[in-house]
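What follows is a pair of complexes built around subunit A, which joins subunit B in one and subunit C in the other.
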Partner chain A sequence: MEDALIIGGKVIYNRLFIGTGKFSSFALMRDALEAADPSVVTVALRRVDASSKTDNILDYLPKQCAVMPNTSGARNADEAVRIARLAQASGATNWIKIEVIQDNKYLLPDNLETLKATEILVKEGFIVLPYMSPDLSIARRLVDAGAAAVMPLGSPIGSNRGIKTKELVEIMVREIKIPVIVDAGLGSPSDACECMEMGCAAVLVNTAIAIARDPVNMARAFKDAVSAGRRAYLAGFGSEKNYASPSSPLTGFLRKEDH
Partner chain B sequence: MLKVKDYSLYLVISEEYALGKDAVEIAELAIAGGVDIIQLREKNKHRDKLIKLAVELSRICKANSVTFIVNDDPLLAKEADADGVHLGQEDVKKYSISATREIIGKNKVIGVSTHSLVELEKANSEDVDYIAYGPIYPTKTKDYFLGAGDIKAALSVAKKPLVFIGGINLTNLDEILAEGARNIAVIRGIIQAADISAMARNFKHRIMQAKKETKMIIKINGKDQVIEGSLNLLELVISKKLAPESVVLEHNLSIVPKEEWENVSLRENDSLEIVSFMGGG
Partner chain C sequence: MSYYDLYLKYKDLDFEHIFSGFSSADVLAAIDSKKQDTRQLLALLSPLAENYLEEMAQCAHNLSLQYFGKTIQLYTPMYLSNYCDNQCGYCGFNHNNQVSRRKLTLEEVEKEASVISSTGLEHILILTGESQAMSPLSYIKDCLRILKKYFSSISIEIYALTESEYAELIASGVDGLTLYQETYDQRVYSMVHKGGPKKDYLFRLGAPERAAKNGIRNVNIGVLLGLNDWRKEVFFMGLHAKYLQDNFSSVEIGASIPRLKAHLGDFKIPSEVSDQNMAQIITALRIFLPRLGISLSTREPAKLREDLLPLGITRISAGSSTKVGGHAVAADESFNLAQFEIADLRNVEEVKAMLTLKGYQPVLKDWMLI
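This part shows the complex of A and B:
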């Protein structure tokens, strides 16, 4: 059975999106990406440091990947729009992950500024995936604004705490008709699997892979977990009960008499 | 795709001012002296002779990697396979800029004359590749002149390469270089010289010297930096040892597409953001 996710016209077979930050080298990042074979990867845009010569990160990304720059560093909608336009001018992509953050302690996003930036960038033809605090009303407005997906956080960026926002994200999964992608905070493959079992369309993982002792195998483990969770979701769960329901037949016991 | 790299020394050839010298001979001598662009401006020549002359000059310029422009006449430019056409304000009436563009195509150069800051500002938004501004000094072709006083203002208004023209000679050259002019068009100052090659070489040397000595402060990624020499955006990126394909430029808050980098010259107090992708979640 084909189970592809389509965003911005791209057919996405691998529902594990991977962030490229924090890897100890581009070569290691490339190996991890090759192991997980993602359809979408994120990158950041920064001022170049002319004194330290670095390679072009795009050369290390698998060719079939959609490159989704983020607007990290933006503190309001205008800054996010400016970063998005610069990213597009690279000629590499018209995808953008909107990330507007003023809070340095928890890195929680500003949903209102995120909405404003989404409205502007969708009109300019971007494929917009906003990173957001899980909030149904804002998610609906983002849908109306033309977002290609919504990306609620699981827990604070880089915290590895898993899907602490589960109930709110579940509401979004039920009510929002565009893909819901959990972004941020997923610390282990089981966290990712849980999101997929909940019916999320995809997950975005960075820190948990990049800072693992063995990023290549951690990438592979996340890939398997995402695929397992998705398969389970599609297979359909039985309902929960308060009492046991035996799995084995209740007849034919080896007792003196069979009743 | 870049059309013209260098407008530094722009020679206009017009046999009516050549004191009997022939245009081909002038062109060859001037090319030996280092001119970057030659424009053929003949108002009174018979069409057949004009075509023959333009074809010959076009061939000579090509052989020497010098840009060849014809004045006023896009059909002549096409016939002679010139690199572009220069339109005067009065000529624009004969062939509009858009008609000229249609005839010569998008890869050719169109220049336009302007005689005031108002005309210059208007030319910014036209489909032209460079703007000529003058006459700076008294000249036989015009009954007025603008003086060197507005050169800085003109440079700050212009959004395209700006070529200064009109009565420029070795005596007044230093004055306009001091005002910031770096692209100089000359007619009589060169074609009436006893030694055309030496005169062109002299002009070119002083212009290049001024370019080399240019120092300006621009803000790059939020930090003031002193830039030496007059650079366009591509030259700056290369001077910083950055790979052009991996960076994006924002110049005074507007994004400049890569194919335009060579056409944007840095100026004092410009602000530049040079960004590239890196790892991020």
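This part shows the complex of A and C:
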């Protein structure tokens, strides 16, 4: 069975997206990426040094994966738009992950500025994937604005705390008709698996892989977990029961033979 | 409310009394706490916490990995001019020191920038002494026009400015401010800053807020360790950093912990700070403010810098020179005085190799002019 995700016309086979920050070296990052074989990786434009002969992160990305630049460092819509345009000018892609963060303490996104940037960039022809706090009404507005997917956070960036926003993301998965991709906070492969079982279209992981003792094997483990979670979602779960069948039912008196 | 108001609230705190009241349980609770209150910071800086340095280090290391990953950002200082009207007892560029003075011409700025840029560094920190005649704002702006061609990020470490002056420099391409209060103790401040505009404690204390209000991206504060009891100084710096984080959430806040070195003149270091104290300072700051950038300069020797890295350092300088034109145009001038002596003489390539060996990615570029 073919189960590909399509975003912006691109067929995505591996639903594990990977972020490229925080690795101890570009070489190790490359090894981890090769192990997980992602279809999409995201790169902070602020970290790309195209002039460097030895330290250009783009040279370490596997050829087959699509590079989605992100607007890390943007504090408002205007800065995000400017970074997106720079990314487009410097590379060959019109994909952009919008990240607008005004809050340096918790690194939580600013949904309103994110929406503004999305509206502008979609009109300019970008394939826009906005990173957001899970909020149904903003997600709907992002859909109306033409976002290609929405990327709600599982918990704060880098926190490895898992899918703390589960209830809200579940609602988004039910209601939003474009792909819902959980981005940020996933700490273990089981977190990623849980998101996929919930019906998320994909997950994006960075810190949990980058700061693992063995990033290559952790990348592999996430890949397996994402694939298992997706398979389980497609297989369909049997309904869960929170109750057993009691031997002395409280409604027994309603049965015929009692009369 | 400015930081000074907060400072006044705590300035007469009886540190000795509070420190002596802490139990081991208090210190351990402070290591685990996310409260970010003054009691947590005081417990982490207390003499008793020295018994729990390993626990503090483990916690600080994990927080650093979580928030910054296995990366260390590199930068280098570039001295533009050492003409100075200030009389800071601890500084080689003290107005009263009979040393030859130098100021880079714009051609020299270009040469210096080109040499630094060829090492791959993208983050530059420009410094000048305080002299309205020799290094006025117009000169800094002339330099910025050149530096923008070579670097992705430009920070300034110059005299304190007014709000509109900060706005002007930010519009000209500056994205970071480094400005050390040196000491938060007003009495000590006035003793070591004997003359010149820097004597104005309040004008300096308010400078980070003025830059933050005008949308600068990074603010880096600092105390000159050795001028006064470090536990008190780091406490007030920690509070200052938290104040800035709380009030200017879109600005990245960092702290530096330069340790005084002997230099030209007869200045005696009033309050020595040991290597162990340095470890406590870094870990306490990291635990108190997990998102705080912490810089370590080449004032510290190579081995110690490497040992302190995993405790919470996020930024180090490399290939430094504290001479005006020291990277290229005047490196060999024997009369050219360094502001302070550098202990880690390694060039950018050597520092990068060290970081790689230690399991850290050297980050040379982490911003761009947008």
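By our rule, the second predicted complex is superposed on the first by the 233 of 259 C-alpha atoms of A that agree within 3 Å, B and C clash if a C-alpha of one lies under 4 Å from a C-alpha of the other, contacts with A are read in each partner's own complex, and residues count from 1 in each chain.
What we mean here is this: a contact is a pair of C-beta atoms (placed from the backbone, for glycine too) under 8 Å apart; a residue touches a chain by one contact, two chains touch by 3 or more.
This structure is a prediction, so every number in the text was calculated from the model and none was measured.
In the superposition on chain A, A:239 makes contact with neither subunit B nor subunit C. Legend: residue contacts after superposition of the two complexes on their common chain; A:159 is shown touching subunit C, with no touch to subunit B. In the superposed model, A:247 makes contact with neither subunit B nor subunit C. Looking at the shared chain after the overlay, A:79 reaches subunit C, while subunit B stays out of its contact range. In the superposition on chain A, A:42 makes contact with subunit B only, while subunit C stays out of contact range.
When both complexes are overlaid on chain A, the residue A:70 reaches subunit B alone and has no touch with subunit C. Shared-chain residue A:89: touches subunit B; no touch with subunit C.
Applying the stated contact rule after C-alpha superposition, one finds that A:103 touches subunit C and leaves subunit B untouched. In the superposition on chain A, contact is made by A:25 with subunit C only, not with subunit B. Of the residues of subunit A, those at positions 21-23, 26, 45-48, 54, 82, 86, 158, 207 touch subunit B in one of the two structures and subunit C in the other. Within the complex, the subunit A residues that touch subunit B are 19-23, 26, 29, 42-48, 50, 53-54, 56-58, 67, 69-70, 72, 82, 85-87, 89-92, 157-158, 184, 204, 206-207.
For subunit B in complex with subunit A, the touching residues are 221-222, 240-243, 245-248, 250, 255, 257-258, 273-281. For subunit A in complex with subunit C, the touching residues are 21-26, 45-49, 52, 54-55, 73, 75, 79, 82-83, 86, 101-105, 107, 158-160, 207, 210-211. Residues of subunit C touching subunit A in their complex: 65-71, 120, 122, 152, 217, 245-246, 249-253, 291, 356, 359-368, 370.
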